[in-house]
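Below you'll find the structures, each written out as structure tokens.
You will see chain A twice below: alongside chain B first, and alongside chain C after that.
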Partner chain A sequence: MANLIFYLMAALAVVAALGVVAARNPIMSILALLGSFFALAAIYLVSGFQTLAALQILVYAGAILVLFLFVIMLLNLANETKLERIDLAMFHGRKAVWTFLIAGALLGISAFAALAIVPAAGDAPALPERGIDELQPLADAMFSRYLLPFELVSVLLLATAVAVLVLAKRNRGPLNLDQGGEST
Partner chain B sequence: MSVPPSHIFLLAALLFAIGAAGFFLRRNVIVVLMCIELMLNAANLTFLAASRMHTLAHGARPDLQGPIFAIFVIVIAAVEAAVGLALVIALYRNKQTVSLDDVADLKD
Partner chain C sequence: MSPQLLQQLFTADALWALAPLIALCLGAMLVLLSDILPGTAGLRRPLFLLTIAAAAYGAVHGFGAPEGTYMMGSFHHSHALSAWTVIFLLSGLIAFEFGQRYYKEEARFLAEHDVLMLTSLAGMVMMAGAADLLAFFIGLETLSVPLYTLAGFRRARSDSVEAGLKYFMLGAFAAAMFLYGAALVYAATGTISIEDMSGMGSTLTEPLALAGFALIVGSLFFKISVFPFHLWVPDVYQGAPTPVTAFMATGTKAAGFAFLLTLMGQNLASGKPVLPESAAWIVGWIAVITMAAGNLGALVQTDLKRMLAYSGVAHAGTMLLAIAAGWHDTEPHGAQTALLFYMAAYVFTAGGAFGLLAWMESEGGEVTIESLKGLSARRPMLAAAMAVFMLSLGGIPPLGGFWGKYLVFSCAVRADMIPLAVIGVLMSVIALGYYLKVIVAMYMQPQTQSHSAGISPRLAAAVATGVCALVVVALGMLPSWVLERLG
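Here is the complex of A and B:
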């Protein structure tokens, strides 16, 4: 049963990923990406990673995709979608040939690695009773052994917040200091 | 679930290749960013598949390195999306476009 769910969700994830690349409208791309993320969350769940499945839905589907949706709605790209010519010409041409060569090489190398190097496990895996990433051991590891990367990542988040503020600020030319009085 | 680990790795490879192809093919910056998210997800799946493989190999003793790295990858993905989308907004404000063909100034 769990095997069936895995293969169904794997097929759904791949189809949805193809939809992200092929969809003409960016909003359809976002919806396809949402489907891919949910399929991956289901795969995490049946693989024994319940915490990561929850994080996947909370952070990826809940936060990151909403951010993408916000930007698309904010920019009002309704007429912008016509600009992108997704026809068969996109899949010919030199760039497309190189793209398929590179992607195919990536796929070939990793498929070879997966099939030839990864040892085949026994057919009756015994996973831990309560999943691999139980929350308490995960938190213990995160705040003891991996404390330094955790702190570094928090600094990175702070730097990102500042960077995003600077980037998205409306550029008003030279700083005008006496503007505050008349705006109130 | 008794899926062999190599099948999970294959799925991750497939997702990564699709994301990479979309990254090179598409011209809309927002869709390009989405393809990057797809590739980061494939990397996450690889970490978790490796963690599952090691857990199975060591007699069901949980291997936590994979999940922890996956969490860090999720944080990096969020950071990348935020900065990338801020760049998109700045680009749209200056050039009224999100098409990569219109901003290929450095290529000439």
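Here is the complex of A and C:
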């Protein structure tokens, strides 16, 4: 039963991911992404990671997708960026060679990895992280073993906020530094 | 958090090991505050310099501190890490000094610029000290996200925005590759700790682990701009503001190589490489192809910045040769020492060359071979400094760049990779073709363009140029002094 759900959801995730790339309308792309996220959450749930599944839905399917939708709707991109059609002419010349080489290499490695997993699945090592899925062990691990990366993530977020500010702030011409800094 | 846990995590040794990281993060926040609080805008520059000095003090203290893994296995302190940290800080400092008065329209974002540089430096330290894949990945992102923005910092210029976007897209791709690889490695080994992996023997050569390591190393190759992931380099290096290019070319490369050395076991207590031995010749040939791609690309350039970008690719190839030799090197820390010295020289050489370029650019626009003609008559000191940088990049004795190359090639010879070392030396000869072109233009050809006449004196840039040139010469004259302290 669990296997059946897993394969169903895995197939759904892949199909939805293809839909993200193939959809001509950005809104449809996002809805396809939503499907992919939900399928992934279901896979987490079947594998026994209930917290991860909940976070996947809360953070990705909830917050991030809504942000995507907002941006597209606020900027009114829905119609302007609609692609006329999708065909192979988009990939031509040297670019196409690189695209197919890299995509092929990644697909090859994926297939290689998948084939390597299948025979090993029976005697797979019990992953130590399996036990930490309950909230309390998760918090314990986050604030002990993984404290340093966890803290550095906050620095990363600060840097990202500053970076976004630099890129997005409206330019009002050169500022005269003698006037004592800026007010906004 | 229980008191026992706190005591276990934050021992005095652990805090000293993390001192440079803590200083950089704290400094970034203080610089940000100085921008917000009224009347403290003038503190930006002193705060930045103080932060670098504090981090450098922490790093120098680290040379005498015991080596070991801290924070329950996230961070590994070694004396080599202290040396790498000093290199990162120098790279940041050089880029900062040459960035003084470089930005005009963007002057209102200078505080943000400095915050991004400091967080990026923190990311580099984390990458070099990471003892597991998670810590490394967070370090990699903390390095990259600020750099994407810094590359696109001159928002009014389309080439800068293009550089930022291109770097971001490919960086995101490389990050995804790393994560995919890390997931496969974790599935194969059941751990993310590199120290634990190094003791696993045959598990590391299972197909799953091999696929994972290939992806991880691929994403690192992207960061250090190695074939076939070097295609972004010319556009991004050329479009980014030149002080940022100096920072990317030296600091980012150093951080990538520092983690490659960790994967080669040279930063670990066990000293055993995690990457499979069968990759030695593949990496070696990639190194040689990278040298060829960089040098041949540089030969045909007339724009000095683009030429230096290709030359950076060639240098990455040379450094990769030391990594390739790491499996069979008879000296256990040969690659580490060679790369530390190479990078120490390269920080001053490339940092100085890009910095000088930034200085000239902010006066007269793009610097081409054409506009350099007759520079020795107009600005003899500048021309002399540029000549020193070019000769050192080309590997002419007795400058710092020569000893770096010598150490790398002797690694390859010790590891019985003599054909690769020979090709490497030949590549250095080809490289002289374009480095000497610059010198010939400066010293032997009369001025042809009028607009390139004036370069106004600027204290910060002049001091930085002078110090860089002197250090390059000093490293060439007294390599043993540095090597004794490194190894």
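The rule we apply is simple: the second predicted complex is superposed on the first by the 142 of 184 C-alpha atoms of A that agree within 3 Å, B and C clash if a C-alpha of one lies under 4 Å from a C-alpha of the other, contacts with A are read in each partner's own complex, and residues count from 1 in each chain.
To be clear about the criterion, contacts are C-beta pairs under 8 Å (C-beta built on N, C-alpha and C of every residue); 3 or more make two chains touch, one makes a residue touch a chain.
Not measured: the values here are computed from a predicted model.
Enquirer: For A:Tyr44, decide between first (touching chain B), second (touching chain C), both and neither.
Expert: After superposition on chain A, A:Tyr44 lies in contact with chain B alone.
Enquirer: Based on the superposed arrangement, let me know which partner A:Tyr60 touches: chain B (first), chain C (second), both, or neither?
Expert: First partner only.
Enquirer: Which partner does A:Ala113 reach: the first (chain B), the second (chain C), both, or neither?
Expert: both
Enquirer: Under the stated touch criterion, which partner chain does A:Leu8 make contact with: chain B (first), chain C (second), both, or neither?
Expert: It touches nothing on chain B or chain C.
Enquirer: Would you check which partner chain A:Pro137 touches, where first means chain B only, second means chain C only, and both and neither mean what they say?
Expert: first
Enquirer: Going by the contact rule stated at the top, is it chain B or chain C that touches a larger number of residues on chain A?
Expert: B
Enquirer: Looking at A:Val153 after the superposition, I want to know if it touches chain B, chain C, both of them or none. Which is it: first, second, both, neither?
Expert: both
Enquirer: Applying the document's definition of touch, where does A:Val162 land relative to chain B and chain C: first, second, both, or neither?
Expert: second
Enquirer: Examine A:Met73 and indicate which partner it touches, taking first as chain B and second as chain C; both and neither are also allowed.
Expert: Neither partner.
Enquirer: Shared contact residues on chain A, chain B side and chain C side combined as an intersection?
Expert: Common interface on chain A, chain B vs chain C: 98, 106, 113, 115, 120, 124-128, 146, 149, 153, 156, 160, 163, 167, 171.
Enquirer: Taking the touch rule as given, give the residues of chain C at its contact with chain A in the complex, in rising order.
Expert: 1, 5, 9, 18, 21, 25, 28-29, 32, 35, 38-39, 41, 71-75, 104-105, 107-109, 112-113, 115-116, 119-120, 122-123, 126, 134-135, 137-139, 141-142, 145-146, 148-149, 152-153, 155-156, 164, 177, 180, 184, 186-191, 206-208, 211-212, 214-215, 231
Enquirer: What does chain B use to touch chain A in their complex?
Expert: Those in contact with chain A are residues 1-22, 24-28, 30-31, 33-35, 37-38, 41, 44-45, 48-49, 51-53, 55-57, 59-64, 66-68, 70-72, 74-79, 81-83, 85-90, 92-94, 97-99.
Enquirer: Which residues, counting only chain A, touch chain B once they are in their complex?
Expert: 2-3, 5-7, 10, 13-14, 17-18, 20-21, 23, 26, 29-30, 33, 36-37, 40, 43-44, 46-49, 51-52, 55-56, 59-60, 63-64, 67-68, 71-72, 74-75, 77, 80-81, 83-84, 90-91, 95-96, 98-100, 102-104, 106-107, 110-111, 113-115, 118, 120-128, 132-134, 137-138, 141-142, 146, 149, 153, 156-157, 160-161, 163-164, 167-168, 170-171
Enquirer: Considering the complex alone, what residue numbers of chain A touch chain C?
Expert: It is residues 98, 106, 109, 112-113, 115-117, 120, 124-128, 143-149, 152-153, 155-156, 158-160, 162-163, 165-167, 169, 171, 173-175, 177, 180-182 of chain A that touch chain C.
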